[in-house]
Amino acid sequence: MNNSFGSVFSVTTFGESHGAALGVIIDGVPAGIPIDPDFIQQELDRRKPGQSAVSTARKESDTGEILSGIFQGVSTGTPIAILLRNSDHHSADYAAIAEIFRPGHADYTFYKKYGIRDYRGGGRSSGRETAARVAAGAVAKLLLKEYGITVRACTCQIGTVKAQMPYNWDEVEKNIVRTADAGASEKMVQVVKDAQAEKDSIGGAVYGEIIGLPAGLGEPVFDKFDALLAHAFMSIGGVKGVEIGDGFDVIEKRGSENNDPMDKNGFQSNHSGGVLGGISNGNTVTFRLAVKPTPSIAAVQKTVNVHGDEMDVEIAGRHDPCLVPRIVPVVEAMAAITAADLLLRNRSAKK
Amino acid sequence: MNNSFGSVFSVTTFGESHGAALGVIIDGVPAGIPIDPDFIQQELDRRKPGQSAVSTARKESDTGEILSGIFQGVSTGTPIAILLRNSDHHSADYAAIAEIFRPGHADYTFYKKYGIRDYRGGGRSSGRETAARVAAGAVAKLLLKEYGITVRACTCQIGTVKAQMPYNWDEVEKNIVRTADAGASEKMVQVVKDAQAEKDSIGGAVYGEIIGLPAGLGEPVFDKFDALLAHAFMSIGGVKGVEIGDGFDVIEKRGSENNDPMDKNGFQSNHSGGVLGGISNGNTVTFRLAVKPTPSIAAVQKTVNVHGDEMDVEIAGRHDPCLVPRIVPVVEAMAAITAADLLLRNRSAKK
Amino acid sequence: MNNSFGSVFSVTTFGESHGAALGVIIDGVPAGIPIDPDFIQQELDRRKPGQSAVSTARKESDTGEILSGIFQGVSTGTPIAILLRNSDHHSADYAAIAEIFRPGHADYTFYKKYGIRDYRGGGRSSGRETAARVAAGAVAKLLLKEYGITVRACTCQIGTVKAQMPYNWDEVEKNIVRTADAGASEKMVQVVKDAQAEKDSIGGAVYGEIIGLPAGLGEPVFDKFDALLAHAFMSIGGVKGVEIGDGFDVIEKRGSENNDPMDKNGFQSNHSGGVLGGISNGNTVTFRLAVKPTPSIAAVQKTVNVHGDEMDVEIAGRHDPCLVPRIVPVVEAMAAITAADLLLRNRSAKK
Amino acid sequence: MNNSFGSVFSVTTFGESHGAALGVIIDGVPAGIPIDPDFIQQELDRRKPGQSAVSTARKESDTGEILSGIFQGVSTGTPIAILLRNSDHHSADYAAIAEIFRPGHADYTFYKKYGIRDYRGGGRSSGRETAARVAAGAVAKLLLKEYGITVRACTCQIGTVKAQMPYNWDEVEKNIVRTADAGASEKMVQVVKDAQAEKDSIGGAVYGEIIGLPAGLGEPVFDKFDALLAHAFMSIGGVKGVEIGDGFDVIEKRGSENNDPMDKNGFQSNHSGGVLGGISNGNTVTFRLAVKPTPSIAAVQKTVNVHGDEMDVEIAGRHDPCLVPRIVPVVEAMAAITAADLLLRNRSAKK
């Protein structure tokens, strides 16, 4: 199934950027989980467009309407469907580029795949699709909460500006770039504004954690905890790299440096990022993602159209000059969905 | 299904390091693909232990016996099963550590997950499991060959020694570390030998490519081409990071630098690594993986046993001092399986 | 995934009888299939409540709103979501039986499975759920139409009244019991009315056909064409038996009678019902289903409540006295979904 | 996946009638289940050919070799692979019919599906494939046993001879037709021998039960307990009809007759066959299957070959004159696999 993720806790999304609505069916939620609609909306609000000076000007309330699966405040075990109507779609913005392949976008590849494409705002390839993931992620977080598991992420780098560790997680929602380092936030904002002023965009990185996982989650061969996380994160448009634990730093390390010794109190370090042999070891799962600069830029770019004619293109419309701040809640959502799924899958590990 | 990968071209593996046998069922191979058993064996030989001075001394012929699915030299459309008997298992080496959790290994996590574990040589968590993947990958390569698609990978870094670009792919099988830079190979070998001499191990990186893909492969939302590759690669034991195209370099890039402009002849650059919006764009798909240093080292390490007693451990047995050279064919196998699956899945994209 | 059906053409439904809405996501529709919303609505109308003297008095317009996946009149290859709002739900009818297990219903089993249940109108176990299937089935029919494949079903028996062969398919939509034998329709209506008058209900049978299938559809072992049909049909609430071809008549047959001989023009008979070894043989696929009498009856019945107290119950509310007439379009929908899925799955059978 | 069945407890089979071997991977067996290899072999012996005067003369020991997934007598949570070598294959018997489509067989449909076929003994479409299912079913039975669940089946009819209820289950393995009515067994044997003597074959029926199931198993919409059973049973070659509970008898019943009333002690009758709304109700699950007469008969039949030439064919080789006695253990296996899967799936029903 092409638009689904997860085996037991499974999420199926639908909807185009400029269609009637987006939405999601969350199947496999065990009965009896308290579902707080306000929390779901709050999560959607963190991702919605138009929220700050460094995000797109598109205005969408992104109001999540819960259609099923909840009765008297708790999940019933049946599918939870959540609907988000589109309202502020300026489809006319896109008529001019209906036949043009925007550089860095999925226009060309959708056209080659399907023979046609819904060109309005990127159609299904729009980042807008991730709103449905955030709704599902909110439900996953509510499930995880029942088991003492939390997920958090933040912007750890924009351009060359890095957040300094140790991160101050209380800062994340206090600055518009969602970084965990108050000292870096202003510089990051400036980097984004500079790029935008120059009709350009800028890349960045997201760091995140899953806290409170029991040891034993993840399937040992193909569906390792980290493998599913990598799948989940790389499925977010714009993500080009995924690290678990020490990630690319392990290349130059020796085994004696990289192994995490154990004593009576557990692991003495966490180079592994909380996963050994693909299975959670009870430590915090840590990860870092590389996010490419927004492909939609106002500067003139070379491209071709569906007829193969070469041309210049300037991307009109309303776009985020940096994807990272609004990707943070999407990353959390995908981490939560993955953890929820593996938590439930693990229920059949033992007699 | 916990031990399967792929939707249409799907691979299910079984077997423990010190059990009777390993094997794989490859389901979904279209009828009519020429299957050359010698090629499958040749691929298995590239991964088998005991092949060089920098690999484990365990001796296994890793002879692949094809049990089904082939008639008169071609695939019949029914499952292809391939069996690999274990022969040189020194299970006695492991009796002493039956209750000890080896640092950096899956011993602790398997124990927490299942309540028991087959401690002999890591059981199912052993790298030996990847032999079955290589057999399946060989079948995937034979399928891809019919469509002009090839996969290749090489060691691009061990410790601090990097292979220099442009890579010379003809070199890869000529040196025991499988690097594509003849000038770097000796230094890499030395780095490995130094680590081993010091009872230690060393990390490294693998670079790879999928060449000849048509545009249009990959599913647009969760099962993006790059997302499935990330899943596939991160499911290989020891891989801690995955990059597609420019990977982590995109963090500091601007959109105008990172977008790949098009002209009549196609894309003028390949920062994206051949994937746009999760769908192949007809360019070469490129990727790089971080591989951790082998956790099994002869040096003394701190750990605990199943009873929580603290103790020192020295890992006896026969181990690769660097995982990278033997992971190269496994990486190719997982890339080929992923590409084969998405090639077939794409057959239902259009009317 | 508990609420999904199909591998390539896959259908995921959600919604409760008395919740906000029902709906379906249809994933895997190839791009370029003309999608006629009027046809979808027409199919929904065939199943909707309140359509005749022998169906429930509940009034629902069952208006299907297409939310995604269609652009300029054709499918885009992305998920097609269809929403059906509930309007005429008399939830108060059910408050009195919130703790009572209605005989023949899923009340007891849902309660045991989930620990709670949405008691309003049966919640998720309501026959109302099948509206979403009919919407999906309409899309499947539009896909099949492109390949010359059609599906049809009719009521072939109610109580002891049987429709006589050869069936006159033009009659089906002309009588309120949906039988293909005009001569039997009045008797069938009378049987239903008699049951209703006596505060009771009556069973029946559905016969159906899939016409125009190419030979070669179906997977040879577990996902045989007939096995998936049996799954599809038995998943419709109230269906207690499924036959393919000659069905239970084969018990007393000899091989020489039951085999369908071939000549140059194809098969000379169709005892097999169009399926050999689980794969379509190019003949019409034929099937027959047994449908139990509606469990909701106005007569007094013995039962217990959640506390184990014994009591009498009379089912208030509005119910079909015979399920068969309104199940006919549901049966067609499930047959169409199954055929569409296997048609697409077959695209990877050969090189 | 075309050759797999089950979601959590999942079974993937491979192998052709005249290839090197058959086998199965059973994935999803929880760790800690005692696995008795002798019991697995005993089940295989019940299905193996050459066991009686009314079964094929082919001699196969059908020795199941367990390759993985078991350590110190219990399942480890990793895949259990079981291998069965073929030995007594008279492939030469089939050379003469390599291009001929045997009536009632899958020869024609495989050829149309794949463009080629392994004609030796039916290849993958052979009933021999069910040996792998029986091995998997034995593992499922061992799992179910831990939860007090048992499965049993018997021959309830051959030709016009019916076993009389109440069944005497102790008789089943004492007569070569596996009926539960000692009085009917001789007549049944005679019916089979008569058919064989006349170069023909005969159909029959299987009745079965799953005993000791807790209430609550089965998923409410598509993957109902009875729907998955119907899928499982109809996937056995030769099965043309499936009934659950009262099956086709419900057609003529009224709701007041068909509903099973409850009192303090549970259900007072079992017309439903232990399933309500697709979910087990704690009663015994009952089912009946129609099995067609063996298509391989020695009598002359009309057919065509791959070139479309009309011809007569007499099926040489060694065949069961009635499929029913040897299908009984296969039916049990499929019922056990289905129940085991739904038992494990149900672990995520509630918080």
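Miscellaneous remarks
By letter and in written order, the chains are A, B, C and D; residue numbering begins at 1 in each of them.
Criterion: contacts are C-beta pairs under 8 Å (C-beta built on N, C-alpha and C of every residue); 3 or more make two chains touch, one makes a residue touch a chain.
It should be emphasised that the depicted structure is a prediction, and the values quoted were computed from it without experimental measurement.
Between the chain pairs C-D and A-D, more C-beta pairs are in contact across C-D. Chain centres here are C-alpha means, and the one lying farthest from chain C is B. Averaged Cα coordinates give chain A a centre that lies 46 Å from the centre of chain D. Here the spacing of chain A and chain C, counted between their Cα centres, is 38 Å. Chain D has its Cα centroid 26 Å from the Cα centroid of chain C. The set of chain B residues that touch two or more partner chains comprises 2-4, 7, 13, 28, 31-32, 77-78, 113-115, 124, 220, 349-350.
By the touch criterion stated above, chain A contacts chain C in their complex at residues 1-4, 7, 10, 12-16, 19-23, 25, 27-28, 31-32, 65-69, 71-72, 74, 76-81, 83, 113-118, 123-124. Remark: chain A residues 7-9, 28, 30-33, 77-78, 146, 220, 344, 347-351 touch chain D in the complex. If you check the complex, the residues on chain D that touch chain C are 2-5, 13, 101, 103-106, 108-110, 112-115, 124-125, 129, 157, 159-160, 195, 200-205, 214-224, 226-235, 237, 240-264, 268, 272-273, 275-282, 290-297, 299, 301-304, 308, 310, 345-346, 349-350.
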